[in-house]
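Next come two complexes, and both contain subunit A; in the first it sits with subunit B, in the second with subunit C.
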Partner chain A sequence: MQATAMNFFVEPVTHDTAVIRIGKALDFRNAAEFKTTAQDQVHAGVRNFILDFTDTGILDSTGLGSVFSLYRQVSPLSGQVVFASVSRPVQVVVQLTRTYKVFRQFPTVDAARDAIR
Partner chain B sequence: MAEYSILVVEDEHTLRRLLEYRLGKLYTVRTAANGEEALEKIAEELPQLIISDIMMPKMDGFALQTALQERKDTRAIPFIFLTAKADEASRLKGLRTGVDDYITKPFDLDQLLSRVERLLDRTKMFQTQLDARIGKDFSRKLMPKRLPDVAGYRTLFYNSPRDHGGGDIFDWTEFRPGSYFITIGDVMGKGLQAKFYAFSFLGYIRSTLHTMMHTTNSPAELMKRVNQALMGDATLDDTFASLLLLRWEPAKNMITYANAGHCRPVLTGPRGSEILTHSDIILGLDQNAQFKDTSLVLNPGSGIVAYTDGILEQRMKSGEQLGEEGIIETVESAYGSAEPVERMIDSVLDDSETREFGDDVLIFWLQRLAVREHREPRWFSPFTDVSEGA
Partner chain C sequence: MEVTRQRFRKLDGIIDDLHDTFKSWESDGALSPQLDPDTIQLMKLAVHEWIANLVQHADFEGRDPDITLEVFPNDRSLRCVIHDNSTGFEPSRHLLRRMRELEPLPERGMGLLMLNAATEYFEYSRSKNGPHKLEFSVSSDLDPWLNIPF
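Presenting the complex of A and B:
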């Protein structure tokens, strides 16, 4: 089963793990859509999120904020949010905010999938 | 996702379906068959525009419109009446307070669509203007009216907020005699909401400083408190902020700072410029986050330049963002000029993709003077009596 929600492509891995493909940008224009997409997944029982940043050229503070919100929502439920295939612009923001301590990073989506499973 | 939601109130099934279909291509459409149903739908969620028939069973269009006029939250919703052509009296009656337009049946659908569009655009324009006005007010209140004035030092500040900018904050206080606290931060998000949160957040920082004044003077300790306060507060749920807290003791030429995921400041001086590298996690993510103090001595002529992400993320002609390397170069080239901050702004704009900033820009430049400032000596003239009480 696959589902697309607005700009964000969601690929279920297990009953409680899913990959969300972040497109070219996650910023103030689509952060609300990301929240809705992630929210629907949380309601459906997903606790572990793999965010695929392969194509992401823009991650602004509103976009990052929406990722933080997801983290704050799932971490009390023993869930996690991990980053996969992090592009350079995303890496810059992660470095700046020192959030690599919170979001584990994996070179590829497959590597993340194997580690989380 | 459709930006606007429209409520269609029409008792005739075919027309209702037609309107729902045509408007549904552009907007989120809900329907009601009479005034009573309409009020139920409105109670569930306020629409951005209402199109209503007049003659309907149970509760007609006039009764609906009167009911909406009585409520504060529904009074301003744009309202279009659909009137039967034969019913001239209704048409005139329709031209009353709170009705923005009327359209005579049978009507041209394209004409209806263009009027709907025009009304929604106008509403949006009012909203944007109002937001901009409130945003400007917030921005002004978030910024200081004056800067610390200390002999042997120079402080410069630049801020240009944008209507759709974010929640930059800057504040300073002489929290003990000769000891200053400088706060620079950025509340994540855009627009009015970010500004509102920035405003509340600044209140937190001020009260934390005030409460802890007698317990500690460690920026890291204060940072920890601010983080805990931020995470424990339900109203500030989902608020994340980067923050740089600097303690400045001019008499010792000492700076001690803690950095929570904020843009890393630059240390500049006659020997060059470098990034002050230590920083910890951004505020609002980890309840148990730890922060560390870093101290440094400012030698004659050296200074600290702190800023927010607006300038860091500025798009340059190269297609890349300015970035930390760009910031260092810019500070380096501005160092030594009479107005270094203006020089920084100019040089960044000169190399930008477009000659304006894409986001809020905030720069704070604090520099120890190379030679102790020459203050005007007091003149005592032998010809004028300047003795006390003269």
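Presenting the complex of A and C:
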């Protein structure tokens, strides 16, 4: 596992798929770091992102916006962004914004890995 | 009906302090036991969005910030009041603009919309000398929805 910016850890799965562990928060304080982390991966050829929300207690509007930004970047490249192990605070935001229509959800990171391979 | 209150006097670290406060209230049973966890989560999200707005955009004109959060549990709803001593702003005007200008999969500009969608109502009062006040409620009887274009 490779540490990148504050709070975010990237675990390569294949040459074009990676897991980003979100950590305790994705909000206005670290959304820019998330974008940088994801963008570095896109430049390295990653197209499919599994966002691991296991430990995430905070997802706010700016954090969600940074995930939208990633989605806009990879979807024209036939990439995808999926959510794994979604915590209750994140699920409430997903439900409020109906973003389950855009981001597939998986109960675990392993299940997401298996589905994307 | 017991009021739960917390005062914040600095912006640095306020988000961590806020969420620590929520944890403490929940572990103390200070919030209504009739409320489902998702409604409490919506309240936390709405408060977070407002405090984030203050941290990023409010002008305190050099004064020490003085922000007070009060929560009034009431059966299946929670009423929240947030006072602050910033110069204030006009959320309804910003909200209308955000609604008009919302792009598909927006990166910014969803904070007030999220607050508006999560709550039964929200009102903001300005005063010349006193603190500004945001008041809103969240309810377990609603299924709120923010219509974001995809």
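Just so it is clear, the second predicted complex is superposed on the first by the 113 of 117 C-alpha atoms of A that agree within 3 Å, B and C clash if a C-alpha of one lies under 4 Å from a C-alpha of the other, contacts with A are read in each partner's own complex, and residues count from 1 in each chain.
The working rule: a contact is a pair of C-beta atoms (placed from the backbone, for glycine too) under 8 Å apart; a residue touches a chain by one contact, two chains touch by 3 or more.
Because the structure is a prediction, the values reported are computed rather than measured.
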| request: Would you mind checking whether subunit B and subunit C clash or fit side by side on subunit A after the superposition? | output: clash
| Is A:Lys101 touching the first partner subunit B, the second partner subunit C, both, or neither of them? | both
| task | Please determine whether it is subunit B or subunit C that touches the greater number of subunit A residues. | result | C
| Touching A:Glu33 in the superposition: subunit B (first), subunit C (second), both, neither? | first
| field | First, second, both or neither for A:Tyr71, with subunit B first and subunit C second | value | both
| said: If we overlay the two complexes on their shared chain A, which of subunit B and subunit C does A:Thr62 touch? Say first, second, both or neither. | reply: both
| Clashing subunit B stretch [against subunit C; choices 96-104, 276-284 or 294-302] | 276-284
| subunit B and subunit C footprints on subunit A, overlapping residues | 28, 60-62, 64-65, 68-69, 71-72, 89, 92, 96-99, 101-102
| field | Touch list for subunit C against partner subunit A, complex | value | 15, 19, 37-38, 41-42, 44-45, 48-49, 52, 55-56, 105-108, 110-111, 113-114, 117-118, 144-148, 150
| request: Over in the complex, which subunit A residues touch subunit B? Could you list them? | output: 6, 28, 33, 60-62, 64-65, 68-69, 71-72, 89, 92, 96-99, 101-102
| Residues on subunit A engaged by subunit C in the complex (per definition of touch) | 25, 27-29, 57-58, 60-62, 64-66, 68-69, 71-72, 88-89, 92-93, 95-99, 101-102
| Where on subunit B does subunit A make contact in their complex? | 1, 166, 186, 188-191, 194, 238, 240, 242, 260-261, 263-264, 279-282, 284-286, 309, 312-313, 321, 323
